[in-house]
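Chain naming follows the written order as A, B, C and D, and within any one chain the residues start at number 1.
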Amino acid sequence: MAGIANGNRNGVNCKSNSAGDQGHRKSCWYQEDIDDDLRWSFSLNSILHEGVTQYQDIQLLDTKPFGKVLILDGKLQSTEMDEFIYHESLVHPPLLHHPNPKSVFIMGGGEGSTAREILRHKTVEKVVMCDIDKEVVDFCKSYLVVNREAFSDPRLELIIKDARVELQTGLEKYDVIVGDLADPIEGGPCYRLYTKAFYEETVKPRLSHHGIFVTQAGPAGIFSHTEVFSCIYNTLKQVFKYVVPYSAHIPSYADTWGWIMASDSPLSLSLEEFDLRIKQRINGENRYLDGETFISASTLSKAVRKTLENESHVYTEQAARFIYGHGSNYRLNL
Amino acid sequence: MAGIANGNRNGVNCKSNSAGDQGHRKSCWYQEDIDDDLRWSFSLNSILHEGVTQYQDIQLLDTKPFGKVLILDGKLQSTEMDEFIYHESLVHPPLLHHPNPKSVFIMGGGEGSTAREILRHKTVEKVVMCDIDKEVVDFCKSYLVVNREAFSDPRLELIIKDARVELQTGLEKYDVIVGDLADPIEGGPCYRLYTKAFYEETVKPRLSHHGIFVTQAGPAGIFSHTEVFSCIYNTLKQVFKYVVPYSAHIPSYADTWGWIMASDSPLSLSLEEFDLRIKQRINGENRYLDGETFISASTLSKAVRKTLENESHVYTEQAARFIYGHGSNYRLNL
Amino acid sequence: MAGIANGNRNGVNCKSNSAGDQGHRKSCWYQEDIDDDLRWSFSLNSILHEGVTQYQDIQLLDTKPFGKVLILDGKLQSTEMDEFIYHESLVHPPLLHHPNPKSVFIMGGGEGSTAREILRHKTVEKVVMCDIDKEVVDFCKSYLVVNREAFSDPRLELIIKDARVELQTGLEKYDVIVGDLADPIEGGPCYRLYTKAFYEETVKPRLSHHGIFVTQAGPAGIFSHTEVFSCIYNTLKQVFKYVVPYSAHIPSYADTWGWIMASDSPLSLSLEEFDLRIKQRINGENRYLDGETFISASTLSKAVRKTLENESHVYTEQAARFIYGHGSNYRLNL
Amino acid sequence: MAGIANGNRNGVNCKSNSAGDQGHRKSCWYQEDIDDDLRWSFSLNSILHEGVTQYQDIQLLDTKPFGKVLILDGKLQSTEMDEFIYHESLVHPPLLHHPNPKSVFIMGGGEGSTAREILRHKTVEKVVMCDIDKEVVDFCKSYLVVNREAFSDPRLELIIKDARVELQTGLEKYDVIVGDLADPIEGGPCYRLYTKAFYEETVKPRLSHHGIFVTQAGPAGIFSHTEVFSCIYNTLKQVFKYVVPYSAHIPSYADTWGWIMASDSPLSLSLEEFDLRIKQRINGENRYLDGETFISASTLSKAVRKTLENESHVYTEQAARFIYGHGSNYRLNL
């Protein structure tokens, strides 16, 4: 059969020109619009799985630049190649700053990688992962080999529920609470888990003495940090005595990402102490994080520091309700 | 895990906004550059198979708009949805114009669809398919369900060899010879199977009395017909008394495609006779071709007719050798 | 400045490798999703103009494969390279079938190309172009050089109004009425100009004796003809004695397009008579259409003929109102 | 004119559905393959200029996410939005570490931004910019408004020549020499300006007492730093007593970028001293760089530090000649 491309092709029956062979381009691509004006594409090895859960669409792709990629509702969540940057950054700073973390609560984190990193800490006796989407959790359990061990660790307790409801209704206190949720888009699904009221009335009461809260805090690039990072920072500052923002460039996100630690106990650790605790407390070796890396990550650049100092917006239920309309319109115009 | 896209996403832990769901776009695409300035993309269901043969790269994709798609060296060959247009057009006009076609030779056609259409003709006793790439043939045999029956038809004889060599060395004559090869790019692999010398010295001697030669003839669109269609036509006119060009729009090619029949016996059939022979000779029902369709396909538009009348170029070995350099450069610049 | 691409680039200060130069790809592209699963891209020379009218977004691009391209609301309307196929097909068949067309009414056609083709007919004394979007008309007047002469032709009368209202309220009768509108999407803006009631009560009364109505009829490809082409055909059959559908592949549309002529007088013209009238009546030479071309265009392929014969759906206001919801949802899911 | 897209469009003549309007996507894109498997696309406002110089193709685009973008040979060089990160990082650390920089030599830098940042230093009396491509320099002079003042600064001396030849033949010594060249691809145009021999025999002899050499050092991301960053570092370590690598995420590059300072005098400056010198010596305010930012930038993450410690490859002419073939093939296979 003869095919297209204005005849400029190598055919079924004739030895083809090797230059031509080498010349032809990658043909299968995963493509994501990071925003309306910015598009990011990975060449594909294969489409491993596609499905629809009660809450979202789910895809697992095998890509050339980043290996296996988990996608929810058409948005990249995590890649085999560089998820360690995100998860080591989310988990280890708070657990290392805590004198002796025994119990940890994860809001979301259904992928399992956050639990995996937490469970590497020898001090940890109990991890509660509370994710609303059972199908995503089951999916990751069976497809993400790297997290299998974590999912079957006896210290892990899995709860399928809205983390907000779980934290409001439960009583147990935790040494560290980890927010591994979608960003606080006004009108978006997770907004209410980033408000001052939620931190004050729901999170803080569930932290034990010296307890530390950490949350992923959205993009923190030199331009993108104004979207949610600075507001999350300012909102946490209203509720906690000590707040430490930090960030790292994550290649598959095509951006620098942010995390924020917060506590009413001081959050300061010398480089040496940081590295010592890694050696003493964490099984296996970190691929990304150590003391120097954290110094670099928690020393923000001039532009970002300035925004954080001057940020005045605080996430509140009011704000949310107020902009609800915009939130959903925004979606339609995607 | 939190994901990118400036936070404009639905997360793991929170019920997502259904408008958002509906809003997100197809993310996996097959993309082909029809030429340097024209790109054609299909959204992907899955990548069924990728491999490399001795002669070419091979892919089988499952696409949303066209179903299964066969790709060689990054160029679309054939799609489940519309290959019937190409193969019914290539095969039935010559076989129907022949008074009683018993034996048919296919140059190329490793995909098996050409053989499938030929074998639908009750008069046909023997089909020789001569393709150089055993791996492509084996691949299509096992993956293209629609052609399985044809591949196992006792009337089909498969030869793995360069069709040119096979036709030069053999003696047997055929009622119809079918050219199902890549286009005659100067410097390209198949050029020498489109030259005047090849038609005169190799094809014609292997045609029986009333024998008919047909070949795919490249793009035949209002602009693209000048690339090879008109030259193949003019070259065949130097060798055969009667030459009939025809064309059809093939959606997956994003172009109109051309075929040319040639013989030293008259090639004229009334609409009625055409439809009668279809009924009498062909098992099953054509999806595309009948008498009226062929009248439309073989009545070329003004611009194409004019080019064909004025075409003076004839494909010769000389021309080939002469432009060889250009041929291969052209490839590198893809 | 050093630039990206893993260093694989030619720099400001050093003579670059010519293979590298030739190797790098087209970087600027116009991209359009023909539907959710099919994408069509042209490389760009430049973005000539972008604007927003009261009714729609408007772009004029200079593309490599098709020259100047007019785009409304992100959808390709017309290209410098091949608009002649569409406009010769829309205009000349009805005017040539009419014994002596003096007055013509255009519903829409703000681009001016339809008027341009009509005004090439020596018999034509008056052309009324009725388009709702003054800004688009003014834009095309000033940017589309090829239509300038037409816009300034004294026989052209331009009315800025909804064509439906104009036809309902006016009294004058026309020899030919041309529908050059968007397709009849249920819930879409133009639906009501394709209904049986509109043809019967609004169009037909405004046709003079022997009057002919013609309309663009949407995609007419082997798959796409079921979207609107067959329904427009069947709806016109309810209202007019003689209905003639025809089609042509338009490269920039990546599809075959359809038009339908309808009248209460017979619509039959011999090949010779068709070509004779072209010579006698039309100034300048057609690039696309002549007698043979029209025979090919009006001889539909088997699959399309079958759908037309079996089509039972008729566009009515009811149908429209009924599916309105679907119509607008459909938009949101774009 | 009716347009494509399966009729799913808003037309010329009918008021269109606003959801439809808002719904349609960006249609014009700049696209660059960062490597074979990774593609980066910006939506376009306009194509401001395209040309070809003696050495390279040149484009100036106006993009939505990054404003004006300068592209050479299809590779992004610099964007209006974030070039300040690259140029402040390249220029200010070496000039601030130097006790009193009066004369500076730029290898390349035809864009003018490097000169612009250097000329902000009050101590600087003379800047020599040596770029081989006069047309690129002239182009940037006339198109990049932000650098106009720099180009007309009397302290700037422009030489159109191969920087290597200029440094080899001249005699004058410089306080700072800045390498603003393409990366050292084996077989690429700039390779020879990154070799040990070049640093030892050509650069070092042209540095005055306390002189500092700085060079852009290619991508320095957690994965990409192994391409050239670690080799440039190791090569400089063979030649200079003190070598300081640092990096920053540059959004438009979709990567973290690297720079390396080298000198035979110590390169250490306290945070306070760094900020003080900025205040004393630099006119205007930095948008990106200050003391804290430099601490973060020059504190490399664990993975990068490890590669740098273990890097053994040194760029030499031999290595270059040896891999020449690969270099150019590599290009062809793009």
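Observations, loosely collected:
Just so it is clear, a contact is a pair of C-beta atoms (placed from the backbone, for glycine too) under 8 Å apart; a residue touches a chain by one contact, two chains touch by 3 or more.
Since we're looking at a predicted model, the values are computed, not measured.
Common neighbours of subunit C and subunit D under the contact rule above are absent. Mean C-alpha positions place subunit A and subunit B at a centre distance of 49 Å. Centre-to-centre spacing of subunit B and subunit C amounts to 31 Å, using the average Cα coordinate of each chain.
Residue numbers of subunit B whose C-beta contacts span two or more other chains: 19, 23, 25, 29, 31, 35, 224, 254-255, 332. Looking at which chains touch one another, you get A-B, A-D, B-C, C-D.
Within the complex formed with subunit B, the subunit C residues making contact are 19, 22-23, 25-26, 29, 31, 35-43, 63-65, 81-82, 85, 221-224, 248-249, 251, 254-256, 286-290, 292-293, 295-297, 299-303, 305, 332-333. Remark: subunit B residues 1-17, 19-21, 23-25, 27-35, 44-47, 50, 55-57, 59, 61, 70-78, 83, 86-87, 107-111, 113-114, 130-133, 136, 162-163, 180-185, 187-190, 193, 216, 218-219, 224, 227-228, 252-255, 257, 327-328, 330-332, 334 touch subunit A in the complex.
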